[in-house]
Amino acid sequence: MALFLEFVIAGLLCIGLFAILGLVLVLMERKVSAYMQIRLGPNRVGPKGALQTLADTLKLLSKEGLTPRGADRFLFNLAPFVAMIGTMLLLAPIPFAKGFQLWDINIGVLYISAVSSLAVISILLAGWASNNKYSLLGAMRSGAQIVSYELSAGLSIIAIVVLTGSLSISDIIASQADGWWIFKGHLPVWIAFVTFIIAVTAETNRAPFDLAEAESELTAGFHTEYSGMKFALFFLAEYINIFIVCAIGAILFFGGWMPFHIGNWEGFNRIMDYIPSSVWFFGKTFFLIFVIMWFRWTFPRLRIDQLLNLEWKYLLPISMVNVLLITLVAILGWHF
Amino acid sequence: MLEEIGKTEEGDLIINIGPQHPSTHGVLHLVITLNGETVKKVEPHLGYIHRSIEKMSESLSYRQFIYATSRMDYLSSHINNHGCALCVEQGLEVEIPERAQVIRVLMGELTRIASHVLWWGALAMDVGAITPFFHAFRERELLNDLMEETCGARLTMNYMVPGGVMFDLHPNFQRRVHEFISMFKSKIGEYDELVTNNAIFINRMKGVGYISREDAISYGCSGPVARASGVSCDIRKLYPYDIYGKVQLEEVLDDGGDCYARYIVRMKEMQQSLSVIEQLIDNIPSGDHMAKTKAVLKLPKGEYYSRVETARGEFGVYIVSEGKMTPYRIKYRSPGFSNLSAIDHMARGQKIGDLVAIMGSLDLVIPDIDR
Amino acid sequence: MTASTVIFYILSAFAIANGFLAVTTRKIFRAAIFLLFSLIGVAGLYLWMSYEFIFAVQVIVYVGGIVVLIIFSIFLTQQAGEDMPMVLRGRQLFAGLASLAGFILAWLLVRDYPFAELRGTSSGEAPIAEIGTKMLDTGTGGMALPFEVVSILLLSAMVGCIVIALKTRKA
Amino acid sequence: MTLKTYFSNIFSTIRSLLKGMRRTGYYFTHHKEIITQQYPEYKPPLPERFRGEVVMPHNADNEHKCTGCTACELACPNGTIKIVTKQEINAAGKKKKALDTFVYHLELCTMCNLCIVACPTDAIEMAQSFEHSVFDRNSLIKTLNEPGSKLEEGIE
């Protein structure tokens, strides 16, 4: 019975986190874009516009969810839930603070990369079932995109796995107690980090790799026909996905909830320890999220063939060589 | 599911871009035939905002019809009005005071910068970068403000009238233009940082939408589109009107023929316009801003044609007069229409993303095409 | 009946029901999706047995790879949205008999396999490092040879793909 | 493609991208560059030549300058102005044409300023108002002369 209660509490917390993260991230995106575009952004609803996304959610809730004629009704309605469930499953192994992890699975990062491949299914489903040519083209694009970028994302994760010698997320974090991998690992880890950021930006369909929805080409791509709450679910899943991949980035390269320590500066290190571990975790994650948003509001979009060229001609060969380098570093113990 | 009307016999996908589509900048309807992502054919369908301005003008007097041309190419409304005024003046055979000529050229060049700045932002948005659009509007707002002060309107000016300009310059005009020039010069470097030198942008533009010199001529392209293919067609140089014969102006030519060449030509044209403004702004001759004309204008029986260089290319006004108060027939030669006709040639064999880039590089203003 | 058994039956029912739907639906895209759910159900069973590694591999390979590939090939074929023609009665019968025979065969194997002996050795969680070492082990129980054979198979498939892709380019 | 161009490509690409990010990053951190104007609270001053709608100024004695000559009506390209005249007996006892109602269709007006230019007595001018939205388009049909107003002395 206690186990059951635990399940219920964990589930409720997850859903709550989901909703809050969605609201916060959408607001953050709008504010970041506004300041980069010399605008003010939302500033009417609530203090400094803080309740704007809540108002938008209420609007989306009250809107009619249309299903276009000729659509495969069952699959059309299923797609947003697949997107949502896939994302929700990803929350399980993420440690939000020291010892605050829902499920310390021994194959943590492998689990993440496995379950995140569900996202592509939801996009393919949505694109196909909408009976819309834009959606179909968007789905085709994102299929090709996600399947290829999973490779280099996986390889850059493997780089850290090689250094740590474990797939478990808690082990990976524990291995960074004396310094984050981004500082300990020299150039190869930096290369892995850059590849990782590029690959996950592509995997989450964010600009400059937002070809699946490319608004100037395909109006809205795979979710052209979605409206109301069904659209909101896609939207939410996209933002939570960003949070999750950034959390993984923070765990792999920035030590998750590990505070920042410098060698033997005992005083400094102690001060750093006073900052709660959850602050460290969310700080790092949100920094990475900001970087990804920064990309979006700076760069033009790539074309589909350039996108695949980038992966197959640049990222994949580089990260393959990089894995070899990392192995060398790990075997010879060159890292600190 | 898609078999109803969406396919050709060879199994290619037919897809509608527009009439309502984010990248058509208005209600342009393109029917494109796709093989996968590759464009096989582009068919523009026009007429969604046809307002028969030419026919309407036949019932308006020679003072009245000019206002309607602001609503054709609304981004170069000054220059459109200028062309009409020139055509009427050609028939009236009036001498325009030099001050009016200088004001007209100044306004025309400011309009060109305002139009190109907007195009720059819109092109960046077409290829997926949204931020430059807002930065472009910062500069454009300054121009709009200073034009509003003199002309009384921000978009549809109706400032040029047969015989000169409607009002004299506002006393603040020179100061504000100087302010704009210094501001614009400090910001133009940002344009390069954000877009011009961006590797993704260059990749999206280079080698895309190529049109050769011969093809550009045979499609009747004009303006930056033709000049990017090496066709010398700047009306300001070839058939100088008003004060253009006396100012230093370089015709910007490029032989790339692709989207990137068109981009570079327009960027350089902004610099040229800026230099024309700098030459004129401190040397505005004093005098009247309008020649004396009769209260009711009547053109002698005959045919009149005048052309000006708008931000998009050659704009021609053709008037047939029967000697009455209203023209017998008016025909406008709008640059956008001819430039659009080349889109099929440019986009064949390219990707959908390229089609959007090509549309952006043509700088289409749909009311200019439909009239 | 413990909660664990309930979960087992739910997962099995989910996998079987979706598998059944996959072969009975007349829309080919839906068939692919039901197949996907069936595979997810199987993955869930692995997770239930706390073979997390196999679960992850099942999801990566089947959900992320094979089903996506199937969906892609559905996209690329025409008339994929239409109902497939009904299968002839005779073929239906034959297919039914074949699957029944397969089921009986599998059942016989399962019935006669000495699971009891293995149950003692399995400690639940499979250590990943051990799997990795076994993969490259050339001694007894090592998987080096099958691993390399599979690698060569995949390599030749890849080369074959490239050759086919190059041929169409020339034409 | 040699290995050298391969890597120099990568580096030049990354450099150009970082430059763009530096620019947006600059604006992200420099909030005084923000150009947003909060419209209903802040109303930007409009220049005196701004063309918002045609109005007919009246002086303190409720007098206007319109003689009802219909020059503006003729000048208007859209038929925005309709002038209704009446016969009036002036101080000298002579019968004279005078303005009865000056009907202005704001919904048809394109703010081209031709009527203002055409008016020989400067009776009408452009106002700097621009918030014209209403729920009923009939309320855009306006009578510009005030009730009971009359022509100013000395205007012919």
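Lettered A, B, C and D in written order, each chain numbered from 1.
Throughout what follows, a contact is a pair of C-beta atoms (placed from the backbone, for glycine too) under 8 Å apart; a residue touches a chain by one contact, two chains touch by 3 or more.
The shown structure was predicted, so the numbers you read here are calculated from the model rather than taken from an experiment.
Q: If you tally contacting C-beta pairs, which pair wins, A-B or B-D?
A: A-B
Q: By CA centroid distance, what chain is farthest from chain A?
A: The chain farthest from chain A, judged by C-alpha centres, is D.
Q: In whole angstrom, what separates the CA-based centres of chain A and chain B?
A: 43
Q: Report the inter-centroid distance (CA atoms only) between chain B and chain C in whole Å.
A: 61
Q: Starting from the mean Cα coordinates of chain C and chain D, work out the distance between those two points in Å.
A: Centre-to-centre distance between chain C and chain D: 71 Å.
Q: Compute the distance, rounded to whole Å, between the mean C-alpha positions of chain B and chain D.
A: Chain B and chain D have C-alpha centres separated by 24 Å.
Q: Using the touch definition from the top, which residues of chain B touch two or more other chains?
A: 1-2, 131, 138, 194-195, 198, 200
Q: Counting only residues that touch at least 2 other chains, which ones in chain A make the list?
A: In chain A, residues 36-39, 72, 131, 136, 297-299 touch at least two other chains, as defined above.
Q: Among the residues of chain D, which are close enough to touch at least two other chains?
A: 17, 20, 23-24, 35, in rising order.
Q: Of all residues in chain C, which touch chain A in the complex?
A: For this pair, the touching residues of chain C are 3, 27, 29-30, 33, 36, 52-53, 55-57, 59-60, 63-65, 67-68, 71-72, 75, 81, 125, 127-129.
Q: What part of chain A is in contact with chain C in the complex they form?
A: 3, 72, 74-75, 78, 105-107, 110-111, 113-115, 117-118, 120-121, 124-125, 128-129, 131, 136, 139-140, 143, 147, 150, 165-167
Q: Tell me, which parts of chain A touch chain D in their complex?
A: Its residues touching chain D are 32, 35-40, 43, 294-295, 297-299, 314.
Q: Name, in rising order, each residue of chain D that touches chain B in their complex.
A: Per the stated touch rule, the residues are 12-13, 16-17, 19-20, 22-24, 35, 46-47, 49-51, 75-77, 110-114, 117, 126.
Q: Given the complex with chain D, which residues does chain B contribute to the contact?
A: Listed in rising order, the residues are 60-61, 63-65, 67-68, 131, 138, 141, 148-153, 156, 158, 161, 166-167, 170, 190, 193-195, 197-200.
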